[in-house]
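Below are two complexes that have chain A in common, paired first with chain B and then with chain C.
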Partner chain A sequence: MKNSQLYKGSLNTIIMKLLEENGRMYGYEITQKVKLITKGELNITEGALYPALHKLEADGLLDVEVERVDNRLRKYYKLTKSGEKETVNRLAELEEFIKNMQTLVTPNINPDLQY
Partner chain B sequence: MDKKVSAEQINELYTFTRAHYVEYYDLQTELVDHLANAIEGIWLQRPNLTFTEALDIEFKKFGIFGFSDVVAQRQKALGKKYYRLMWGYFKQFFKLPHLILTFGITFLTFKLLEFEPTFFIYLQMCLIATIVYKTIHYKGKYGKKVKDTGTKWLFEEIIYNCGGILGFIGIPLQFFQFTFKEVNFFTVSMLTVFLVLTAIFSYVMLFIIPAKAEEHLKATYPEYNLEISGQKL
Partner chain C sequence: MKVTAEQIQLIDKALIKIGINYADIRYEMTDHIAADLEQKDDRFEHHLKGYMLQNKSELKKTNRRFIFIAMGRAYKKFFINMLKPWSLVIFATMFALGMFLIKSLGREDAVMALFYFFIAFSCILSTPVIYKALTRKNQHSLDFGFSFINLIILYPTIYMVDYQTTIANDMTVALYYAVVLLISVIMHVTIWQFNRQYKLRYNG
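Let's turn to the complex of A and B:
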């Protein structure tokens, strides 16, 4: 992942959003999807992804399925019912955050407040 | 045709994860699939790379600590899951019909301690002896199972370690002093509440959860069914 606390703080939301859109995904697939969407700008590191997935699973927001693919077992993650609700909340929170940050970083100068 | 990781190389990846301190089969399986996918991804771009060279590139992406952070975070996450499970069973004792039993035991304990407060020491000693006996018993049982199957499951280890209850057995000793002080309603009530709560927690961790271990393991690990049905890769 890009070495930035800003991205790290949003990792769980990114994962949940991807699962909301794609139904179920496995770890490697998530890293590749993010890379693809952001055109290689954002790289989720394995060391950050799996702890985040395991935490979300332990919190009851993700459920797991295991399937045999080729000659190995593959673990898929999908949102639980509470995970779906939480995704909506977290996305709304993230959008609000982005909006506020935009206002702070590029404030519109209100002519009424000028002297 | 795209180059694929062979079954033999999958076994090598299991050995590789074990060599890098990933003891648990559940985590090994996930990391093996990740590494296999990543290696196959590298081969799409650079088909001439050997399996070992591609693995080396992918492993470096986990950083200088390798898999250790992933293992530590997994332990933390499953520890949290265990305590949530334990709390769920604990709360059952304060809902009907269990509540009647809890109330009855609390009343009898109160009467017993009111009559003779030092019974607290004997009762706690019985509890400590039970904790020690059961945790040693489970340790042996789990150790034998690991030896027989050759696989370790993290959540199973947490269950048979009884959530680390053995580390808390010193706490009751702090309460022994109250049994020698002036006996009044407050001290007897405090000892009763402590005794009943520790007994319920211990019962949940030592009896209820281990008895339902298979059920919880199947719920935690979908691959557990594949493993126990002898389909291990």
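Let's turn to the complex of A and C:
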């Protein structure tokens, strides 16, 4: 993952947003999806992704399904009911954060016109 | 290319070699590595070697973080179980048993009886955990968190065998053994609950 605290702080929200859109996903799929969406700009390493997934699971925001796929076990993650609610909250928070940052970084541009 | 069952074994062995001993962590890492290698050409062993060399420290770091998160989950579940009504029933039963033994056998013999009961109970229930640790088979990341609790309660319990002579009150001695036995029972119940969850999750 890009060595930036900004990205690290948003990792959980990125994961939850992807799971909200795709239903259930496995780790490698998440890394590839992020790479694809950001056109290779953002590369999430397993060292950042899996601990984040496990933490979200421990917090009860993600549920796990294990399936045998191509000679191996694959762990799929999906949002729990409370995870779905939390995703909405975190996305709203992130949008607000981006809006505020834009106001601070480029104060001459009216942030409302950006959306 | 599709990764074969034999190649999955090679990935698993490569992970064990760098110290990733817990099965649940390896399942996930094996799938990640296999999915990555499937995007490459047929030179499987060459790419696996390259992957392990490039990501060794990252994988080890991830392993450590997995263990700490698992420890957090284990202790959280342990304390949730501690607050369940059946814990209070176990505690009351152990306390009543302790008081009964002290009154009927005398404190010194009662303490020895409770001590041997605790040791026997711990040995019997810890056997599967110790077996898994020695054979390194089917060890899960949550096992690590619980290995400390037994040691934490073992030393004061050994010390208590002599120290009880300086305690004036029988109730304090019975209370101590009730707490120790309660911790031990809850720990093993929690381990059992997690093992059942793992079995359902990974063995269908």
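Everything that follows uses one rule, which is that the second predicted complex is superposed on the first by the 108 of 115 C-alpha atoms of A that agree within 3 Å, B and C clash if a C-alpha of one lies under 4 Å from a C-alpha of the other, contacts with A are read in each partner's own complex, and residues count from 1 in each chain.
By our rule, a contact is a pair of C-beta atoms (placed from the backbone, for glycine too) under 8 Å apart; a residue touches a chain by one contact, two chains touch by 3 or more.
These numbers were taken from a predicted model, which means no experiment stands behind them.
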*Given the superposition on chain A, are chain B and chain C in a clash or a fit?*
clash
_So in the superposed three-chain picture, is A:Leu36 touching just chain B, just chain C, both, or none of them (first/second/both/neither)?_
neither
*With the two structures laid over each other on chain A, which partner does A:Leu104 touch: chain B (first), chain C (second), both, or neither?*
neither
*asked:* Contacts for A:Lys75 in the overlay, against chain B (first) and chain C (second): which applies, first, second, both or neither?
replied: both
_According to the stated criteria, A:Glu46 is in contact with first (chain B), second (chain C), both, or neither; which is it?_
both
*Check chain A for residues that touch chain B in one structure and chain C in the other, and list them.*
26-29, 45-47, 50-51, 54-55, 58, 64, 66, 69-75
*asked:* Could you list, by residue number, the parts of chain A that touch chain C in their complex?
replied: 26-29, 45-47, 50-51, 54-55, 58, 64, 66, 69-75
*asked:* Per the contact definition, I'd like the list of chain C residues that touch chain A in the complex.
replied: 2-5, 8, 27-32, 34-36, 55, 58-59, 61-62, 65-66, 69-70, 72-73, 76, 201-202
*Show which residues of chain B lie in contact with chain A when the two form their complex.*
4-7, 10, 29-34, 36-38, 41, 61-63, 65, 69-70, 73-74, 76-78, 80-81, 84, 221-223, 226, 233
*Using the touch rule from the top, collect the residues of chain A that touch chain B in their complex.*
26-29, 32, 45-47, 50-51, 54-55, 57-59, 64-66, 68-75
